[in-house]
Structure formats: C-alpha cells, structure tokens
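Below: the structure, in structure tokens.
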Amino acid sequence: MNKTILECNGIAAGYVKGLNILQGVDLVVHEGEIVSIIGPNGAGKSTLLKAIMGLIKVSAGRFYINGIEKTNLSTHKIVTEGIGYVPQVANVFPSLTIEENLEIGAWSVNNKKESIKNIYTNFPMLSERKKDKAGNLSGGQRQILALARALITSPSLLLLDEPSAGLSPVAINEVFDSIKEINDSGVSILLVEQNAKRALAFSDRGYVLDQGRNAYQGKGEELLNDPRVIDLYLGKL
Amino acid sequence: MSNNLISVNNLKKSFGGLKAVDVQELSFKEGELTSIIGPNGAGKTTFFDLISGFQDADSGSIFLKDKDISNAQPYKIARMGMVRTFQLTKVFDRMTVMENLLFSGSNIKNDSFLRSFIKLNSQKLYESNLREKANEIMNDLNIGHMANSYARELSGGQKKLLELARSIINEPEILLLDEPLAGVNPKLAEDILSLITKLSDSGITILMVEHNIEAVMKISERIVVLAEGSLIADGIPNEIRTDSNVIEAYLGKADE
Amino acid sequence: MLDQLGNGLLLGIIISVASVALSLLYGVTRIVNFAHGEIIALGAIATLFFSSPLDYRVLFLEKFSPLGLNFAISCFLAIVVCGLFGGLLEVFLFRPLRKNDVGNIAVLVVTIGLSILVRHLYLLFATGKVQNFPLELQRRQTYLFFDMTPRNFNVLIAGIIVMIIVGLLLTYTRLGKAMRAVRDSEELSSVSGINSDNIILITWVSSSMLAGLAGIFQATINDVRWNMGFLILLLIFAGTVLGGIGTSFGAMVGGLMIGIMVQVSVGLPFMEGHTEAKNAVALAVMILILLFRPQGIFGKKERIS
Amino acid sequence: MTSTKISFRFMFALLVTAFSIYLVFFLNPDGALRILLNLLTFAGIYGLSAIGLNVHFGWTGLLNFGHASFMGVGAYVTLLLMPHAAGREGEVTTTGLPFFAALIIGIIAAALFGLLLGLPAIRLRGDYLAIVTIAAAEIFRLLVRDLESITGGVYGIINYTENFQKYRPLFIDNFSGNLGFSPSQAWVCLAAWVSIFFTVLLLKRLTNSPWGRALRAVREDEDAVRAMGKNAVWLKLQSFMLGAGIAGLSGVLLAFNYGSLETTVFIPLLTFYVWAIMILGGVGTITGPIFGSIIFWVIISETDRLAYLLFENANGQQLAGVRFLLVGVLIMFLMIFRPSGLLGKKEELLLDVK
C-alpha cells in the first residue's frame, strides 16, 4: 500500500451553526490514486471538499495530511501543505489575465517563473492566450486554467469539484484527459463528479455519499456495476 | 387549449453564454401532479423562476389559463392563483409562525393602509377567520405548537412546513414546489409527501422540482426530465426510470 | 468656461485620487466607508502639523507647537500617518467585526459613527479655524489653455502621475494582482495560498495613504478645515458610482468627470446666480446613474437591487 | 417571547430614562427645570423624527440616510405657506394659510417627497440606497440654500412663530410664569409630546394590523412577499411616505422651537442624530425612540460638563465638538455591542438588511 496523503475521520461540517450537511464522513486518499466521490445532489460532496480546504469550519472529526493532524488549519496554510483545489464555480479570477491567474496561483511558490513556464509547456493553449482576461475564456478553457492554477504549486493531492459541470462533451474529454495526465505525473486526485459512470470508470476507488454520510465505497469498476448505486440516483420501484 | 393550465412555447433563457432553459413546448394539465427532474444545472429552478415571473425570459411565451404572463410581475402571477415555494426556504424570520401565515393568507384589500387604520368590524372578523384557518393548517402540518415562535427559531424541516402552509393558505390553483424535501429528515419527508398527495387529490395542480427520486417516482403522475435546459423525456414514472436518455443524463456514459 | 474647466480638472484630480482609494477599499472589503473623508482630512491636518512654523500655535489646543519641518517631508510623513491610521482601524475595528460576521449594513453605520467621532476630534484638537499650508502666494500663469498657479499646476501633474503609478502598481506588482484577485473572489484567493487578512490590511493602508494624499492636494489648492473630508465625501461617492463601484480605472475617470461637472456646471445658463448648488448637479447625476445604469459607466453588470 | 420579558425591557428603559432625568436635577441644582424643559422639547421633536425613521428602517428595512430632508420639506413648506419674513432683506409675506392648514400641507409635502425618494428604493440594494438618500437630502439642502428668493436662502425665515403661538392656551403662560419657563417653548414642548402621543397611537394601531405585518414581511424577504401575491414596491413606497410625513411634522416643530429657520439645520448630522436615537431606543420598536431620545438629550446636555473638564473656558465650538464626538462614539458603540438598543428585542437583532 502506498503512503496515505489525506485521511478524514468522522468529519461533520456545515455552513450554518447547528445544521451540519456532513454528518460524519470517513475517507482516505493514498499516493498516486484517483478517488472519486459520487452521490445524489445534496449529498454533501462539494461541502466535503470545502471542509478539507478549511473554507468552512469543521465541527467534529479530524483531518490528517501526510499523517499529521491539520483540522481547521487556515486555508492558505492548507495550500502550502501540498493540497490544490479547483472549486466548481468561480474557479478562475475573471478580471485577471491568464498569466496573472497563474501568478496568483503561484503565490506561495518559491520559483515562480520556472513553475509558470512548466505550466505553459504542459498547457500550450494557456501560453498562447496568456494576455487574455480569464473572463473571456470558454468553459472548457476556464476549467483547464483552473486546473493549471491549482497545479502550479506542485501539489501532492488535487481536489476537483465537478470539473465536467456545464461543459460540452468534447471539452469534458479534454478535461478528463488532462486530469489523467496530471495523475500520471504522480499527483493524487480526489474528484467530485456528477457524471458518476465516467468518474468511476476513470478512478481507482470511489466513495458514494448519501445525505452527508458514507453510503458505499469500493473499487471504481465494482461500484460502477453496483445496482444499489443506480437505485440511489434513480430510486427504487 | 382548454385543459392546459400552463403552457410554454420556445422558452429560452441564458446567462452569459450558458444556456439555462431552452424548452420548445411544454404544457401542464389541470389537476396533474408533475415532477420536474434532471441533474444539477439542468435549469429546473430557472424554469420555475421564469414561469413564476421572478426572471424574464430572453424569448418565448408562457400562458397561464390562456393568459399571456410572459413578462408579468411575480405578484400578479401569484394573484392569478399560481404560488411558488423556494429552494432555499424563504420564511419571514423575524415574524412569528402565525404572522407568517396571516400575512400570506390576507388578501390585498385587507392589507390596505386605510383599512388597517380604520379597523372596521368586518376586518376584525376577516382576521379572526384567517386566524382560525391558519390554526387549522398549522395543526394539519404539525406546527401548531410553534404558532407564537419566531420563524427563525424553527428547524429546517419546520421551515419547509411553514413555507408549504403559507403557500396553501390562499387555496391556490397551481402550486410550484421547489425541492420541498431538500434537507428534510426521512420521517418528515413522508409527511410532506402525503401532504402533497393530499393536495393533489383535492384538485390542485402541482409542479414539483425534487431531487429525491424515490419520492418523485412514488407520487408523481407525470415526470418531465430536463438536462442542460432542454426537455429530454416526458412521461409516467415507469417509462422515465427505464429511459436510456435519462439514465445517461444522470449517470453519464462510461465512454464518450 | 476654460477657467472653470481648469478648476474642474483640479477638483477632478482630487476626487479622482480619493475615489480610487474608496473604490479599492470597497472592492476588496465591501465596506462603504463613510469615514473616508476623515482620512482625507487627516492627510491635510497632519501635513499642517508637521510643516507649520514653530511659532504658529493654532493646532492642538494651542498648547503644542507644530514641528516646522520641510514641506515635502511633512507630506510624506502625513501620508505615512494616514496609512498607519487605516491599518489600525482595520486591525482593531474592522477585522474583529468581520470575524464576528457583523453584517455590511451594521458596518456601514459603524463607519458613520467613526466619521462623526473623528471629525469632531479634529474640531477639538485641530481647532475649527480655516488654515493654510505655510506656502507663499503665487501668481497665476497660463498653461496651455488654463490659468492656474504653478503650485496648482504641480498638483495636477502630481495627481496624474500618482494615478498612473497606482494603475501600474495594481496592474504589475504582485500585491496589486493579489488585491485584484481578492476583489474577484476571496475564496479562490485563499485556496491559491493568499492570506486574505494580510491583503485586506494592505488595502486599508494603501487606501488610507491615497486618501491622505487627496487631502494634501485639496488643502494645497484650497485650505485646511476640520470637516474638509466630509464636505467632499458625497462627491467622492458620486465619482466612484459614476465610474462603476469596485473598478479602479472607472473611479479615476468617474472622479475626474465629477470634478469637471461640478465646476463647469457653474457656467451653465440655468445655474446663473446659483453657484452654491453646483454640487447638487453632480449628486443628481450620480442618482440618475444609479437608477439607470447601476453598474456605472465602466462597471460590469452586478446585481445591486 | 413572553409578555413578562417585554415588560422587563420596558421597565429597564423606564428606569434608565428616569435615572437620566434624575441626573439632570443632580448635576444642576439651580435651574434644573428650565434645562429639563429645553431638553424635553428637543427630545420630543427628535424622538418623533426617530419614530418616523423607525417606520423606514425598523419596520421595512429601508436604509434611509436622508431623513433630514423630510424634516426640512415639512418645515419649509409649512412656514412658507404662512405669514413670515424671509431672506436678506427680511421680505415680509403677510398673507398665508392658517397654521393647521399649512401644517397639513407641509406633512403631505414631506410624504410626497418621501415617495419621490422612495423611488430609487425600488431598484437599489441597502448600501446604495443609503448613498442615494443622503445625496438626495444634500441636493434638497443645496437647492433650498440657493433659491434665496423663495426660501430666504442662507438668511433663513423669521417672524413665523406667532402663527403657532397665538393658539397657545392660557394655562401654559400661567404655569410657565411660576416655573420660570419660556411659555413659547413650553407650548412647542407640549405640542411635540402630544404629537408623539398620537403618532404612537397611530403606529400601535398599525403595527399589528395587516398593513404593518406586510411591511415587516417586506423587511424580511421581498421575494417571498412577491411570491405571495403582494406588491412589495408599493408597500415600500407607503412606508417611505408614512415615515417621511412623521418626520415632516417633527421638522415643523423644530422650526418653531428655533424661532428662525436656516438651511444649516438640515445638514446630514441631523439625520445621524436621529439614527443614534433610533438605535439607542431600539430598532423596530414603537416607543423605543422616545426613551432613546430623552436619554440621548440628557447625555448631550450634560456633555457640556465634560467639555468644561477637558477645556478650561470651553468655547461654543469646543462644546459642540464634545457633543458630536459623543454622538459618534454612541453610534459606534451601540452598533457593535448592542444593536438592539434599549427596547429592541434580541430576536430582532439580525441587522443585515439586503
């Protein structure tokens, strides 16, 4: 077994005091893995990512990053622990140029020029349009920029919140190809996806959340063919 | 179109470049209990916003009881008998549960400044009848014991109930329910479902957006599926459940 | 008319600098700062205190002597004082309010209270007399089309240079980019590793320094008064709104336009004999803009109703 | 929320008020009554204005920072309709309406100005509305100052008090003579408190009425109001009119208390005074501003002592400085530590209007 990068134990969190959307979630991500979190709307998938990033306060449970407890660390410090995050909406700075987006992404990196250059080699599209405002990019291009912005810190784990949301099928393919490449370069991925089949086929393991709790977990392929998962989405008759 | 209570034609709405709603033709019959389902971002709530007047469509028309309401103000649409609830429950936080209901139940004439100042006996009578009606509804919905609490003190589920109570106190013809079960515990969800069924049986036309598919399958007479703003399926629950378009829209294809 | 245009440019540059400062702060913190005018006045009063001759006992209960420093050094020190004041406000007042989730409206009312408090501190400690910087009188000269004193012309040039520098700093420095990033999305900034508390603090300091500079300009052209900031505050709001709240470029142009509008309106036929009402014209324009193009001339569409 | 809790808060407010009045006697062994009369006159007038503001902000959630202009419209319209003298030359107008007719028109004018100022509220969110209302009030003030031929401009209006003082009942003169009061101020004071009494009666009648309920619903959630078939815009405008009308009345009383009317009365600071009183008394309450106003004016009138402590031989400017300084501190302190004021309910403390 590879070493554990992220471990969540019984995480409970929510936006409003006393109303927890997450009600005890356990989750582990190992080095090099792609792990997806699926589940019906309102299951708390995005909330879990936000809680990990310290964007909302965790009221119970603990996080460990590389084996050290980091519960309720401030967000900008979590980033320096090697965790990157791409939110679902507002995932780029629209009034900043692509280059500026990357510079902000590289805020806590020591060798900024070098890392931005690396990104440009990996994503030539961004290099071509580096003086364009991010607000003028198409959905797919934005998603690529968002990925690049999060990657620039060379994180060991990348949290992705519905990277396929609102994209055309072609753009989705591109985004998923990029994610695969990122993973091949050694970055672990924790992915929240609406497109469950796609995500599971693509992942090493999957977690199914339902109403803020773990419902099932297992290997991607196993969950993909589990009738209980379909039931969770489309109901039993 | 005599028994079509609501019908929309070529309804389009987009935000920036993003197409939120693009529905060619869709109509709802009187008395029907229809659920609108679809994955996140399918445009369900936007569709509700359009037909209830909270957003203006880019193009297309909406008819309610054969009247064009395409760009009508929300309050005028509500006065025509179509009342909606909201995905994020909107109760009047700093008013009591009773006041929430009285406000909603009271008609416009009763709300007028002059009448409120003069306080005729007829108004007092109206108010006391309203109070009785509110009490009845609250008891039906099991929030009677909270009548004098501030609405903000209610739990999430109780707020949902209050919003429901508020929408039905005026005996609307059409009820638009935006995720009536969201964030509600299973026991309460049962209660709300049976209430919705009861309302439907009493003849109210109901459109409901809901993510709890099991519940939707159980009580709907008809299901309309939206994906990326467009209509992809329309039929009875059994058909929808096996519709390959729907399964694909929800779970996606393994390879594209 | 040309004279009015020259005066308008001068007033415009003051409002412009102050509007950029206000807009910067609003963009990053969402605070509508009614105490902005008091920071402007602080710039002028501090300069007066640093630079007035030693025997000039108007300030500070007439007990303390001014410092009699070189004028340029005094301006510099005054701007530093303003920055310090803004930083203290953030650390001891607005940050705790933010951490306790105090709503925007409550914070707005707090800035009103702050404005009244600080303004009357000036009245008490810096006296209510109208005063001038210790600068010799100058004769008007013609520059291109405009008649103005060399000093006012310098203010105009300095203002334009400052605006260009601010623009360049915002566009090209790491800090400027971070400020724009926090303005776009605080959440995304923090997940990019930015400590937004620090950025907000720096925003307060730089906004206050700019405001102080605007105060020095204002006092150089006109005079030092305890309530000079409050008198000009609504025009600054107008400038900010006109250009589009939250956009620095818009605030620059909006401020300039308001200044010109105020001074030029004096020359309008229906304004004859009604010079007192010149500010009213600018305020009316602001209200109309808010009603019909609430995002301002350069602002992006944003839900404000 | 139980009735015992209300009465506890009420008792508390009453006690604090009584204590502050006692302070006046304690600190001013000589002439306390005269000081008290002056103080209660201002308290009545400003309290009335704050009651109007509370209809806007407390009931309906409208962030109105142009309240001084409503008071101004009421005062100017009323005075100009009656016999008066105005301007640099003191140009005398001998004809005019009797007081009560002029007053009613003045109040209506203020309400209509409220309607006008309320129009932006249809489209604008809280903080923008604050900027627009304060700007509109400034426009009003600048115009009044500039239209010297009508309003007297900076020279103001004089010789109008008789229109009101001629209705002064005899008993006031008798009892004022005994206590060393100015009978004309005593009459204004009485009028102010009678106005408060009837305004409170009116609002009490309205607050629990369907109309008052509707205003509070607008404050809570406009979308839900519209979804229930109610015209939120019209409700907001009505609220603006009612509050502005009340402010108009208080503006007239203020003019009679001063005896001469100048544009400098209606500066933004007047609005901020009224805001301080409203917050102190309790946002969203009816009687709160009354207590708030009395306590506020006791503080104001006794700050002079503080000024004398700070400055030997304090001059008028220093006295005013200390007063206003305290107003600023009061507003900040209340907003941060007790936004519900003396009488406000903690349950209604959510101040984040949208």
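Letters are used for the chains, namely A, B, C and D, taken in the order the chains are written, and counting of residues starts over at 1 for each.
Everything that follows uses one rule, which is that contacts are C-beta pairs under 8 Å (C-beta built on N, C-alpha and C of every residue); 3 or more make two chains touch, one makes a residue touch a chain.
For clarity, every value in this text was computed on a predicted model and none was experimentally measured.
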Please state, in steps, how far subunit D lies from subunit C along the shortest route of touching chains.
1
Skim through the chains and flag the pair connected by the most C-beta pairs in contact.
C-D
Taking each chain's centre as the mean of its C-alpha atoms, which one ends up farthest from the centre of subunit B?
C
Measure off the straight-line distance from the CA centroid of subunit A to the CA centroid of subunit D, and report it in whole Å.
56
How many angstrom lie between the CA centroids of subunit B and subunit C, rounded to a whole number?
49
Whole-Å distance, subunit B centre to subunit D centre, using C-alpha means?
43
Distance between chain centroids, defined by C-alpha means - subunit A, subunit B (Å):
34
Can you pull out the residues of subunit D that are in contact with at least two other chains?
350
Would you mind giving me the full set of chain pairs in touch?
A-B, A-C, B-D, C-D
Subunit A residues within the subunit B interface of the complex
19, 40-42, 138-139, 162, 165-166, 169, 172-173, 194-199, 201, 224, 230, 233-237
Which positions of subunit B touch subunit D when the two form their complex?
52, 54, 73-76, 78-79, 83-86, 90-95, 99, 102-104, 106, 108, 110-113, 115-117, 119, 123, 127, 148, 150, 152-153, 166, 170
Note: in the complex, subunit D contacts subunit B through residues 1, 202, 205-206, 209-214, 216-217, 219-221, 223-232, 238, 242, 284, 347-348, 350
Give the list of subunit A residues in touch with subunit C in this complex.
53, 55, 74-76, 79-80, 85, 87, 90-96, 100, 103-105, 107-108, 149-150, 153
Spell out the residues on subunit C that touch subunit A in their complex, using ranges where they run on.
174, 177-178, 180-181, 183-185, 187-196, 300
